[in-house]
Amino acid sequence: MSIEDQIQQTRAVVAALHAELPRWELVVWTAGNVSQRVVVGSAPGPTDLFVIKPSGVTYDELTAESMVVCDLDGNLVDGTRAPSSDTAAHAYVYRHMPSVGGVVHTHSTYATAWAARGEPVPCVLTMMADEFGGDVPIGPFALIGDDSIGRGIVETLQGSRSPAVLMRNHGPFTIGRDAKAAVKAAVMVEEVARTVHIARQLGDTIPIAQADIDSLYARYQNVYGQQPTHTPESDS
Amino acid sequence: MSIEDQIQQTRAVVAALHAELPRWELVVWTAGNVSQRVVVGSAPGPTDLFVIKPSGVTYDELTAESMVVCDLDGNLVDGTRAPSSDTAAHAYVYRHMPSVGGVVHTHSTYATAWAARGEPVPCVLTMMADEFGGDVPIGPFALIGDDSIGRGIVETLQGSRSPAVLMRNHGPFTIGRDAKAAVKAAVMVEEVARTVHIARQLGDTIPIAQADIDSLYARYQNVYGQQPTHTPESDS
Amino acid sequence: MSIEDQIQQTRAVVAALHAELPRWELVVWTAGNVSQRVVVGSAPGPTDLFVIKPSGVTYDELTAESMVVCDLDGNLVDGTRAPSSDTAAHAYVYRHMPSVGGVVHTHSTYATAWAARGEPVPCVLTMMADEFGGDVPIGPFALIGDDSIGRGIVETLQGSRSPAVLMRNHGPFTIGRDAKAAVKAAVMVEEVARTVHIARQLGDTIPIAQADIDSLYARYQNVYGQQPTHTPESDS
Amino acid sequence: MSIEDQIQQTRAVVAALHAELPRWELVVWTAGNVSQRVVVGSAPGPTDLFVIKPSGVTYDELTAESMVVCDLDGNLVDGTRAPSSDTAAHAYVYRHMPSVGGVVHTHSTYATAWAARGEPVPCVLTMMADEFGGDVPIGPFALIGDDSIGRGIVETLQGSRSPAVLMRNHGPFTIGRDAKAAVKAAVMVEEVARTVHIARQLGDTIPIAQADIDSLYARYQNVYGQQPTHTPESDS
């Protein structure tokens, strides 16, 4: 497939995946964005481009054509609109994590609430062990406008099994082998943030032993589903 | 009706009932599964097959054809996809509870929150007395991969009026005379888990006397509705 | 309009209003019911019949034809299905409150949560003063099967401006000049129960002075809207 | 564009924006209203008319034709229905804040819950710093029927960066350069009220330094989006 065809296909995928964010109630108004690295040729591998949502455009207006193409420094390469204000953070992740093919950012309510307290979500659900392999970690407070957010994401996730980081006072960023896997992680991080929040409202939760977490994570990452769909670490 | 026709009809019923899980907001992404025992002939009765959802397939993709058929040891008998990773638990229930014709598993939020604390939902609502005949019990912590989950479900529900068990740190499993009754129990267990959670957030709830619970349960199981729709115990 | 035409029109109104209950997320599965008194002739006035939902039928299946007609003792007069199991309570209200033309029962979550604690919802919102004229009261615990529920509703609401009562450990019943007004009260009681619950979770709410409640209630009942739509007391 | 065309266009805009209120779950039944100042000619500027929702009409019935036109004293100028009961408050805002082109009022649940406690929403989220530039303030308790509500809104917002005020025991009013900006503020104030509420349920939130709030606010108001969409203060 040519680079032009691959870009066009990636635009369509990224536009379609944005519809998952309001569908799962992860965003309001124009908040939130999805990006995917452009992969050239039949063999998957990193390139120096990614597709992302334009800034300040509502979800009803999103089309493949309105998506914008950026290089890994976050510069606009193709498109008629300004890229998302979070583009620098996405670009930093792609530059520093070669195995990552998709990035998602939302302000989903429960995940953001943990972020406002600066408190990791403890791993007390078997589905957290499956998907996150432990707690969902907190990243640093960072202002928008330079590499602070991207650096905070990468430094937090490189030492973690989790495909999600809760940036302090801000909200979740998630990664995956492609944008669909990152969207799935965005859906799941809100679900576990919400469930553990509710559990904790009426008392203490029961911890899961580390050996059981390890066992659940290993099994899920290797055998679940018809084929691997979310294995950001095993790609490394 | 021939066994082939009966399998085909059961595939259609199970596929259609999966749509109830996202409709009632019991699942996100591909989580959750519904199964139903295959009943042959005009007289209902147990057989050695059941129909269940394939693993890791999204709700938008579910069709009668994509459903898979398993024997009561959980082995794939018919279908082109791998069965749900929870198949062994469903199979164990069908092997050990002959009156059960349907099983549902979700991670519905409020029920799972009680499970994360390992705390039964107390029977403080008339609709709980009607549907569950008492508290909703907690089952043991169990790893996936052998009979532990199935055994935990059966041991908990055999001594209970409740068609729902909250597996610790995991989530609810429900049973019924058929898959529709098990889906109804899955909807109702989330509803009562949510309502009692909210009631308890602002103070103590008022207990219902055991004699009143017994009276409500007896009446509801016998006279409610146009015909019996959910009477897992009376089948025994 | 003939009595037959009036019954047919009331069946259509009651069937259509049932769709409001899931729309506003007041019910799950088959829970909840709406009824309306049959009014004969051009001058509104009480008759001895009302239309109500059949028992145990899902909201997808509700049509004007499936609605049933009962007399004020709750006996089935016309229809092919068994009336709702709450019919006796509706009938009792119509027998004892001539100004009431519609009754609604749900198990809506937040209203039921207050009922599980047996705690009235305090009037701390201007919209509560408008619609309820004060606190939403708690009715007694009552078993289904005789006049206990109906009597509890009537005894609680006859001394109150509120069109809603929260029956202890059970859920809300609401009344109105017609079924639409009772449905509106069912929507509003859940909304205020939810809002005040959330307010109270983080601390004390600020009371509204009784004189201000009286002023808001008097104004709203007299001048709001294009014409009176919910004035159960002023009909008396 | 003629004044008649401008009025007609404003009616269409205001009618369409009302659909955003139930879409974002900010209102139930007929509660909530949107208005927009009528702007004449190609150069934007204040006029002495605005378009608002009629009173007591459900969202399903709202059309451009049913919208009503009022002068800045709140008197009906054009339309067949009575204007919203909140018209006097909208009119007061337009009279006293020339840069405001749109006003929205809802009883959205979480914002109203903070209002029932009389407690400002603290600025602990980067998106609050972006959109509100600090805490969301509380306005005074005010009865409907004279200028009390409008005066409370204006006095609170004139000293604030926030486009939203939570009127005590009542609910949020929001302003913007046009009705769409005010609707966005209504959506965002509920979102931040909800997220901060949830964060606070399990412990203390981490404050954001005032200098960081200032930095985020300045950047967002100046560079976000394809063009300025919500800058009520910079218009002044």
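The chains carry the letters A, B, C and D, assigned in the order they are written, with residues numbered from 1 in each.
To be clear about the criterion, a residue touches a chain if its C-beta (ideal position, glycine included) is under 8 Å from a C-beta of that chain, and two chains touch if they have at least 3 such contacts.
Bear in mind the structure is a predicted one, so any value in this text is a computation, not a measurement.
For the self-contact between chain A and chain B, the two sides draw on mostly distinct residue numbers; the shared fraction is below half.
Centre-to-centre spacing of chain B and chain D amounts to 46 Å, using the average Cα coordinate of each chain.
For this pair, chain B with chain C, the centres built from the Cα atoms lie 32 Å apart. Within chain A, the positions touching two or more other chains are listed as 201. Taken together, the chains touch in the following pairs: A-B, A-D, B-C, C-D. Those residues of chain A whose C-beta lies close enough to touch chain B in the complex are 24, 124-127, 184, 187-188, 191, 194-196, 198-199, 201-206, 208, 212, 215-216, 219, 223-227, 229. Chain contact summary for the complex, chain C toward chain B: residues 28-31, 54-57, 81-82, 85, 107, 109-110, 112-114, 116-119, 141, 143-145, 168-171, 197, 200-201.
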